[in-house]
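The letters A, B, C, D, E and F name the chains in turn, as written, and every chain counts its residues from 1.
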Amino acid sequence: MLLHQSTWQEVEAYLERSKGIIIPIGSTEQHGPNGLLGTDALCPEIIAHEASKASGLLVAPTFNVGIAQHHMAFAGTITLRPSTMLAAMQDWIDSLVRHGFERLYFLNGHGGNVATIQAAFAESYSDWSLSGESCPHRLKGRNWWELPGIMQICRDTFPVGDGSHATASEVAVTYYGYPDSIKDVKMTPKIAPDGDFADAADYRATFPDGRIGSDPSQATPEKGEAITLAARDALIAEATAFFNSDD
Amino acid sequence: MLLHQSTWQEVEAYLERSKGIIIPIGSTEQHGPNGLLGTDALCPEIIAHEASKASGLLVAPTFNVGIAQHHMAFAGTITLRPSTMLAAMQDWIDSLVRHGFERLYFLNGHGGNVATIQAAFAESYSDWSLSGESCPHRLKGRNWWELPGIMQICRDTFPVGDGSHATASEVAVTYYGYPDSIKDVKMTPKIAPDGDFADAADYRATFPDGRIGSDPSQATPEKGEAITLAARDALIAEATAFFNSDD
Amino acid sequence: MLLHQSTWQEVEAYLERSKGIIIPIGSTEQHGPNGLLGTDALCPEIIAHEASKASGLLVAPTFNVGIAQHHMAFAGTITLRPSTMLAAMQDWIDSLVRHGFERLYFLNGHGGNVATIQAAFAESYSDWSLSGESCPHRLKGRNWWELPGIMQICRDTFPVGDGSHATASEVAVTYYGYPDSIKDVKMTPKIAPDGDFADAADYRATFPDGRIGSDPSQATPEKGEAITLAARDALIAEATAFFNSDD
Amino acid sequence: MLLHQSTWQEVEAYLERSKGIIIPIGSTEQHGPNGLLGTDALCPEIIAHEASKASGLLVAPTFNVGIAQHHMAFAGTITLRPSTMLAAMQDWIDSLVRHGFERLYFLNGHGGNVATIQAAFAESYSDWSLSGESCPHRLKGRNWWELPGIMQICRDTFPVGDGSHATASEVAVTYYGYPDSIKDVKMTPKIAPDGDFADAADYRATFPDGRIGSDPSQATPEKGEAITLAARDALIAEATAFFNSDD
Amino acid sequence: MLLHQSTWQEVEAYLERSKGIIIPIGSTEQHGPNGLLGTDALCPEIIAHEASKASGLLVAPTFNVGIAQHHMAFAGTITLRPSTMLAAMQDWIDSLVRHGFERLYFLNGHGGNVATIQAAFAESYSDWSLSGESCPHRLKGRNWWELPGIMQICRDTFPVGDGSHATASEVAVTYYGYPDSIKDVKMTPKIAPDGDFADAADYRATFPDGRIGSDPSQATPEKGEAITLAARDALIAEATAFFNSDD
Amino acid sequence: MLLHQSTWQEVEAYLERSKGIIIPIGSTEQHGPNGLLGTDALCPEIIAHEASKASGLLVAPTFNVGIAQHHMAFAGTITLRPSTMLAAMQDWIDSLVRHGFERLYFLNGHGGNVATIQAAFAESYSDWSLSGESCPHRLKGRNWWELPGIMQICRDTFPVGDGSHATASEVAVTYYGYPDSIKDVKMTPKIAPDGDFADAADYRATFPDGRIGSDPSQATPEKGEAITLAARDALIAEATAFFNSDD
């Protein structure tokens, strides 16, 4: 059940049986020569939509632009400043909580979002913690590749060159979701360098084609399907447990 | 050409031939008994994607949550505060301008966004106007139903009960785009009341099922297709003229 | 009854009989060769003060600087950033609501303010809409030239060259209010060009002396008086209805 | 020369001969049983306008709402939060500096504004101090009653009961400026209590009719005129020296 | 009793007997050739810690960076923008008030902080004043050199060249607190110039070695001890009275 | 070399030989029955000061209040909202960068700060990444217990009950630094429970005395000294390498 493809009455009925919702959250940023700019938003969206189809869990629209300042030297990247993302997430959270949602599960597709997502959770809780009242809602963030069992599947699928940005795994998931957008590009070098980065200029100087440690030319829709379906099942299990928890 | 389904190199190549981009911008808010919560984001997205397919114009990801405070008494609605939307639009604009885009065309799907979009444009221009330097980019907002010729088509298609919120036209466009999400709901009353509103409680008291002046049970995918394709053509014409203009 | 020329006890007594207040809101920005920089603040102020004198309606001090970024290339213009104006209007609204005012009528003198005023209203309502409580106050914005019947009078008075910035009408109203500030300037060209604008540099390049589509040398205090008095009556009628409404 | 009653060309010409401008800044807040809510904005405005008439110095529109949180328990008071006032003053300063003004003299009418005005100056200078470049403009704040010689005149005019809020002096200045707004009210007690305050509830509890230490029933337009004209002369001298200074 | 060297149970027990807390607040900024960059934070901290030791009054951690924009042309200075300091002080105040503290005494070590501290107090009170409820807490700021009797001691100790920045007195207090950090530097000129300043470049141009009006080479730990102990006693008296007051 | 105990000339001289600075950053929050409220600020401060003494590396004042919303149900805790901390860190960073520092090493003492520190780094880099220019400075955050080799020492020292909040290790470090503040408290239960938390009420309900998974009654100054000195050496090595790096 996708929130944006439902009516308000359908959501109202859903709230009778569950207080939980999944929010895919990602980024719009370069993903190397054969990865889509939307990869980090599309992956959690694809997985969450599959989970919704299989389980009936409610999925919100995708928060599709995140913290991508370090990719700004590559055309097409869009970033929020962290202070903006704090404010925007606050409004999404406040809105959903207003309707009675008490378990908000952010399925994240971008490592660079993690810090700001956690800061946004603390910002939301702060209102309650400073007031002295008890906060009724719980916020959870999860990177899709860290769902139970998934990292192992990725490593098994791509024993060499899965990498850490523009990974073979994430490109594969998007190829499964968007087979019409498969790009046939030769990687040079085959496996991209590893390393750290600071701002956009530094990133581009260190990683000229945008990849970090990966050879995403290994990605295929079939491999993406396997990863996606495994992640789907892990998500259903984890989100369901979270929605049902009293903590 | 969709930005999030393209690589950065493809966007870089696009920038060689055009400085223009279309950004669908909408809202996630109740649309009555048979309208989707995502209607206002889906309509400009559907139209823009059709336009992109037909013309090659570049389309950004959809800015999918807007100003919907007045719909907050209906489950599933998500709103930004206007101050948050100003900040978020600023970051999107700054990011695209950084890459060399000079013509940003926001195709809007929600009347409630218009004021804040215009305020965001003024906020962006203010940086330049206060600095004394000349601003290289131009920002344009257009409600899809006000594209040349479209309002007439909507009125011809739905001479009675097109309405002003949860309109038959917009529901039809989403039914064209998402035929699996068609809802078969009887409207009571057949045509919803008209009127003004302030906050969410006021809105709900005046418009109990969310519609304003409309009978969206008239919507069909076929009617939606006709509107969408007309809007597509009007969008291509207007955006192309804007992208090529020197003003 | 002018708030700033009343005592607090007088305002307290007023609140016993009415919950409504008129707030003139304008801008400080160039108005061409013979228009005053204060035109857009002075017009709603003049009209509102006349209305107050004739009816006893309470009028607040004038919010005298607004969104004028596009006029910054002309000396003397002062602008707020839209985000600042949102915050300032919020504080004015919160203050008046604190005292028990429930109908706040902003009489606006500047087209460039409209979007931000509407965004500020949404910002104010958002607090209530997100809380789930019902908002006790109502906010209304009205451009003085769009008061019932006024645009027709302006067009009748100046059939040619009323224009859209530094209009003959608004200059006439200020000449009625400030006859000592009448400027005798020859317009070249007689009627200014029409068109669109973006930032300040763009505006100045397109409209070299600041006017848009107008020949304000037609303005006289007598014509201004006629417009002012008609607007006064229309304002009294509309504000009174608003103050008495239950919606 | 009043900015809002001048054209942009007149301001442009003024800038050829002076880089200085006076900005009256005040508050809209209760001033006891016979003082106007606008007193703190009207006093610096009256004095500055007199100075302008006598000297040709340029005067900006009045910044008419300030920090009045402590008066919020009295009807009609309007306050800005200090953070809002910082932002609004920043925009006024940035706008004037953009046109080439280099000496901004804020003539203040409200003790409660002093801290925030000084903080706003520091905020403006911070941009330059953090950049490492030299700031071309200078900001000066002055309470009108602290202009050289004025406090002595006030004390001589009202040896008993001038007080510190709703002072006899300030009420007299407004009575000179607005003789039609003179209020004939008996004070009980004749001289109001002295003391400190925190928030609005505390203020009201301590100072039931709003006055602090004053008997403003002594105010007359004649006494107000004497104070005003002396302040006018002191302002002309001080502002001229500031405008001409190289520091 | 120092808050940061206590357990939460100890603070909880303290709150049974007192609702008051002292917060040292200062700045990190140049203090001339022999003054420590931390002088303005260290002085109130040294005095408050002595007072705590002698009386058991609770002292919070030191707010150690303040408004120092004007010192930014000297290496090592760290400044907050006033708007940032407003926000940070708000969070400190909200936190302490949450625990039941009702009397917050800020012992300040930096003249440049005074305006922003007062603005922060007004920001805190504004929440209550705009809500219409009575604020339970009271905020007090005091510059340590203005504690009763202290200025006289400073002037008696340094009849010539105490000055107004990098004063002999404050350097002496830090030499008493940090005898290992005494710097033996010859002053040229012996007494620094007096005057005003605006931004950092202006300050450096006017006061080349950072001092204003002072000869801090007179500072000794012994003189610092005398000042510190006197300030300690004055602080205990004033804070105790404030903590016990009902106003 | 401590910045706040140095003169500006000493810092200027330091900048001739190094562009690096260490900033201890922590929190003021409950640390269970025998841990100091300042633990998380004191630990990095103690270690950094030891490192400075041993190596001459420059250490800034301690950023002593951080993200502690979840501890607000325990008296004495002080928190910043994440949005405030972003702004404050920005000002510290901007100030240090202004003087020519290019390597800012934040030695962190509080797990709850990590997300916001990383978000603050992204906020700082964003200015550069969006401008298109290359950022000259590098920002690094390190939790002191994750310095190379330290976690192992902590686990060896406290094989059972080191825990994850109010750890035996961190309490030991503060006991080494502040032997006069050692608290003799019996823990009940001996080892605190483990688990997750959200807001302050949730935290307190789950962890009644504030500890998570720890038995800090094992802490002694001797054990603290061993940990501190090992951390000191690891810090000197890592910070020196960072200061000298070209990346």
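Things worth noting here:
In the analysis below, contacts are C-beta pairs under 8 Å (C-beta built on N, C-alpha and C of every residue); 3 or more make two chains touch, one makes a residue touch a chain.
This one's a predicted model, so the numbers in the text were calculated from it and none came from an experiment.
Hopping across touching chains, the smallest step count from chain D to chain F is 1.
Counted as hops between touching chains, the shortest connection from chain B to chain E is 2. Set against the Cα centre of chain A, the chain with the most distant centre is D. In summary, the pair chain B and chain C forms a contact in which both copies contribute largely the same residue numbers, shared numbers making up over half of all those used. Mean C-alpha positions place chain A and chain B at a centre distance of 24 Å.
Separating the centre of chain D from that of chain E, both taken as means of CA atoms, is a distance of 30 Å. Annotation: 54 Å between the Cα-based centres of chain A and chain D.
Counting partner chains per residue, chain A has residues 72, 79, 81, 83, 87, 95, 98, 130, 132 touching two or more of them. According to the touch criterion at the top of this document, the contacting chain pairs are A-B, A-C, A-E, A-F, B-C, B-D, B-F, C-D, C-E, D-E, D-F, E-F.
Within the complex formed with chain C, the residues of chain D that make contact are 2-12, 15, 28, 30-38, 41-42, 60-62, 64-65, 72, 74-81, 83-84, 87-88, 90-92, 95-96, 98-100, 178, 181, 183, 185, 210. Residues of chain C touching chain E in their complex: 94-95, 98.
The touching residues of chain C, counted against chain A in their complex, run 130-132.
By the touch criterion stated above, chain C contacts chain B in their complex at residues 67, 69-70, 72-73, 79, 81-83, 86-87, 112, 114-120, 122-123, 125-126, 128-130, 132-135, 138-139, 195-196, 198-202, 206, 247.
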